[in-house]
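Common to both upcoming complexes is subunit A, partnered first by subunit B, then by subunit C.
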Partner chain A sequence: MPVSRQTELKSKLLPFLLPPAVLPALLLALLLLFMAVPIHAASAQEATPPPDDAVNAVAAQIYCPVCDGVTLDACETKACEQWREDIRDRLAAGWTEEEILGYFAEQYGDQVLAAPPPRGFSLLIYIVPAAGIVTGAFFLTRSIWRWRTQGQEEARTSIRVPNQEAKTADGKHDAEHTGE
Partner chain B sequence: MTEQKKQGKAGILVLLLGGLLVLLVILALPLIRAREAGLKAGSEAPDFTFTDFEGSTHTLSSYRGNVVVINFWASWCDPCAEEAAILEQAYQEYGDEDVVFLGIAYSDTESKSRAYVDDYGVTYPNGPDKGTKISPEYHVAGVPETFIIDPAGVLAAVKIGPFSSLEELETLILQAK
Partner chain C sequence: MAAFTSAAVRRHRFEINFQAVFVLITASTLAFFLLIVTFFDNPFDSLWQLADGSTAAAFLQPSFSLPVIPANGQGMNPLLRHPGMIFHPPMQYLGFVSYVIPFGFAMAALITGQVDNRWIRLSRKWSLAAWLFLSLGLVLGARWAYDVLGWGGYWGWDPVETAALMPWLTGTAFLHSIYVQEKRAMLRRWNFVLITLTYLLVLFGTFISRSGIISSVHAFASSTVAILFFGFISLTAVFVLLMLYRHWNELSSENAVQSLLSREVLFLLNNAVFTGIALVCLWGVLFPVISETFTGQKVTVGPSYYESATGPLWVVVLLLMGIAPLTVFFRTSVSRLRTMILFPAAGSAVVLAILLLSGMRSAAALIGFTVLAFTTLVTLAEFWRSIHIRLSRGETIPQALKRTFSRNRRRYGGYLIHLGIILMAVGILGIELFQQDTQQTLKPGETLALGRYIVRYDDISFYETSGGIQQAKAEVTVSTNSRSAGVYLPRRDYYPSWGQSVTVPAIRSTLQDDLYIRLIDWGETKAEGVTLKLYLNPLFNFLWLGTGVLVLGTLAAAGPLFGRKEEKGKEPHACVSTD
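The block that comes next holds the complex of A and B.
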């Protein structure tokens, strides 16, 4: 290639050519980038799964679908094992406890929750004890009040009665003395 | 204490006892229902709608005129896996003869249910019992349980546990036709 042609080509490529000092820095940046990708991938793969305690904390709030009154954390059936696994997957995916409980209630019904939400028939669970406490407190207060009033009434009566009895006794005593 | 006061007190007491009785009945009803024996052949099949894993919706009453085989199963249930091939075989034989097959996953996780359907090569519609609403209507106490409904929508047969052979299922389907 003639020199003039080479110079012409060089001048055309000049805007695209990098200064020699930038080249090592660019190579180093690329190297770091390639190294970072597998590191990131590895860290994602090796992300520690949620601990059993975290899984059991949620599992303790959900009933086993095949046993009566047993929560997932205390059940060894295959069904519970799968449900716990599902909880673990969802916790690992960043779901909150409330989200998981909501999901299970939606999928399997409110009856799977150890503490069902206060709606529908489950509302009775919350209303009945409260109503019982209020009614009980009312009757207890009334009984105490009556008992106290009655006690005061009896105290007044008992103060009067000995005097009358004393008077009667005195009268009788006097009569005996007088020989009547 | 006057007579009126006495009567008022007795009224309140009767009202309280009555309320308590009503409350007890309300609370006991679900327990009584749960203890009731399962659906018997001859009773009307409870209607339901469910969405299968492919996203199609199925309503039982829309299949009037067909025999419907409803199988409740779960991926965690070993006997269900044993009968999966029998049900699929029956579907291949009778699926084109006005017999509808529906599989309902009972208390199962979706990922495991889908894997089960794939693993056992089940091709008829299957889906979850979302919110556990269908299985209580059928008094499902465990899996597998299969209900065969005649073309008039009446329960023709109930099979508790797995089918031991294709013939056993075939007999029930033919009886329901």
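The block that comes next holds the complex of A and C.
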């Protein structure tokens, strides 16, 4: 039963199936096309170097290795000017942003990156605040909850009925507006 | 600090034991700093040439040495020659120093055992003044960075900046938490912790901004000043904890929370979030040192860390700022909250709809502006309610306004500060989320477009000022929608004596946006062209506008501007001698 169904399907699809020789030819053509793209792109970039904006977009993510706290796109030293030209050359040679960042980190250490790469010891920079906020939120909720239970018990044992208190509190709110 | 201490003593007429301890605390802080500048880091050290030919810095002349007198002073670092720099350091300093006074009150209360609300009442105005100075210090510093550093920004999460922000954060929390203690006698232990934290962060901030030592572990370990600072900070922390432990039971809250929908709970959340932001910042500042100590790897913790870690917390702060005014102490009835929240919620939904229709798709901007709209409407509605009641009683508008403030200075002053913060947040969101920049080399007559602006390069000229500064000044014409918006002169000043150049950007500033033009590079002749970098900073002026409102609000909350004179006499004289 399944076999007959398969042949049925095949016969239906027959007009759409290609002759066997066409497929390898098509693959080859695709391969050639993919190979041609980078060559073409690189040659185009060599003709017109990457614009300042492209260079700055990468440079803004790198801290100047010699000055403190200045990103490479805003730094005015001669060294940084050369580094910007270095970025331009690498962009022209077809390097991606990540590759350039990785290259600078390797050359001058992780401190040129705007944030430590999330691996090894540096993972702590990201984990500690997140863990701290979650733990803090937990303890805060717990203590407010406890405090409230205590407060509700007090309110129950006190003479004032909570409803009345709400009213007085609202009255107080109005009074606070006028200060009277 | 001595002047502030004496002013506090004159003004408040303390009980004698309280005064003794208060003066002891402020005087020991002063002594600590004097010790450092006298023996370890004297700013008046002179250079001396020793007998063996080497030079050394010392205050007094070492034996067998000759003074080294430079032929000519270099003058001030060119980067610091800006009006912002005249006021920024004193403001920051006054802010830091004023926080020592409430800390002194807190310690005097703990040591003498007068741990009731009196120290809180004494601290209020001092901490408000400290907070104002610190706010101004931060904003003036930001203005200086914007005008002088020439990177189109105002805040870079640099360790020095962040260290100055931290005491501001805990100080803001303190302004709110003392209110809860006064009204509800709660958070009594927490207030001691908070003011101590603020004081310690002030010490830490002074240390960081004066030494810059945090960037390297080796410089840090070899510095006596660093060891002294951290010794002093740790000793203070241990001492305060011990004193708190001694009074722990005495300091339990007199009241408990009755409802989650009460102002005290929201203020508590506000405190938690502000302290959280401060701790996240502290971790960011300390992490490079920790990392280098344990792994030897230097790292930079830049804006991306601070923005992603504190961003959501800031949204919570702004949201709390919108909800808290709707609640009351003890318990807020749900029906009342519902009626009061209706109009602001509807209004902010309209704002959200307008933003979406206008094509804004950035989630951060949508959340940010919607929350800001909500908080603005809540705050304005609070003003409206008071003024409306007064108008219905036949008061005139100025009368109603004046009495709104004078009858409840703290509340409405506080709301005015909130409005200031909202305006500042609009400016910050504008520049952080929508800043654009572009850079290009232009030949004469060529143009560069950014946003609604078109900038045309016309000319460049070179001068040498009488002070020996070599200036390169470009002349560009700015136009919007084919209408000229004037000629601007971005320039670069070179100071030969320092071997340093300073970019002086030309800024076209409107409420809608700032166009920031920076001269990057130029050829020897006009025809060779210039390289310009343009930044477009939308809504940025709201930051400065908001600061103005914040100052007004703080003055209103403190009293002298809108306060009535007779109220001065009613000032609660806490800790006054009863005998």
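By our rule, the second predicted complex is superposed on the first by the 110 of 180 C-alpha atoms of A that agree within 3 Å, B and C clash if a C-alpha of one lies under 4 Å from a C-alpha of the other, contacts with A are read in each partner's own complex, and residues count from 1 in each chain.
Quick note on the criterion: contacts are C-beta pairs under 8 Å (C-beta built on N, C-alpha and C of every residue); 3 or more make two chains touch, one makes a residue touch a chain.
Keep in mind that this is a model prediction, so the values were computed, not measured.
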item	value
Subunit B versus subunit C as contact partner of A:120, first or second or both or neither	second
First, second, both or neither for A:111, with subunit B first and subunit C second	both
Which superposed partner A:65 touches (first subunit B, second subunit C, both, neither)	first
Partner chain(s) touched by A:128 [first = subunit B, second = subunit C, both, neither]	both
First, second, both or neither for A:103, with subunit B first and subunit C second	neither
Which of subunit B and subunit C A:95 touches, first, second, both or neither	neither
Subunit B or subunit C, by number of subunit A residues touched	C
Subunit B versus subunit C as contact partner of A:79, first or second or both or neither	first
Which superposed partner A:56 touches (first subunit B, second subunit C, both, neither)	second
Doubly contacted residues of subunit A, that is, touched by subunit B and again by subunit C	109, 111-112, 121, 124, 128
Complex interface listing, subunit A residues touching subunit C	51-53, 56, 63, 68-71, 73-74, 76, 109-116, 120-122, 124-126, 128-129, 132-133, 136-137, 140, 144, 147-148, 150-152, 154-155, 162, 165-167, 169-170, 172-173, 176-180
In the complex, subunit C residues that touch subunit A	149-152, 156, 158-159, 212, 215, 253, 255-260, 265, 268-269, 272, 276, 279-280, 283-284, 287-288, 290-291, 294-295, 297-305, 309, 313, 328-333, 336, 382, 385-386, 389-390, 403-404, 407-408, 411, 437-441, 501, 503, 531, 533
Residue ranges of subunit A in contact with subunit B within the complex	65-66, 77-79, 81-83, 85-86, 106-109, 111-112, 121, 124, 128, 135
Contact set on subunit B toward subunit A in their complex	16, 23, 26-27, 30, 74-77, 106-112, 128, 130-133, 142
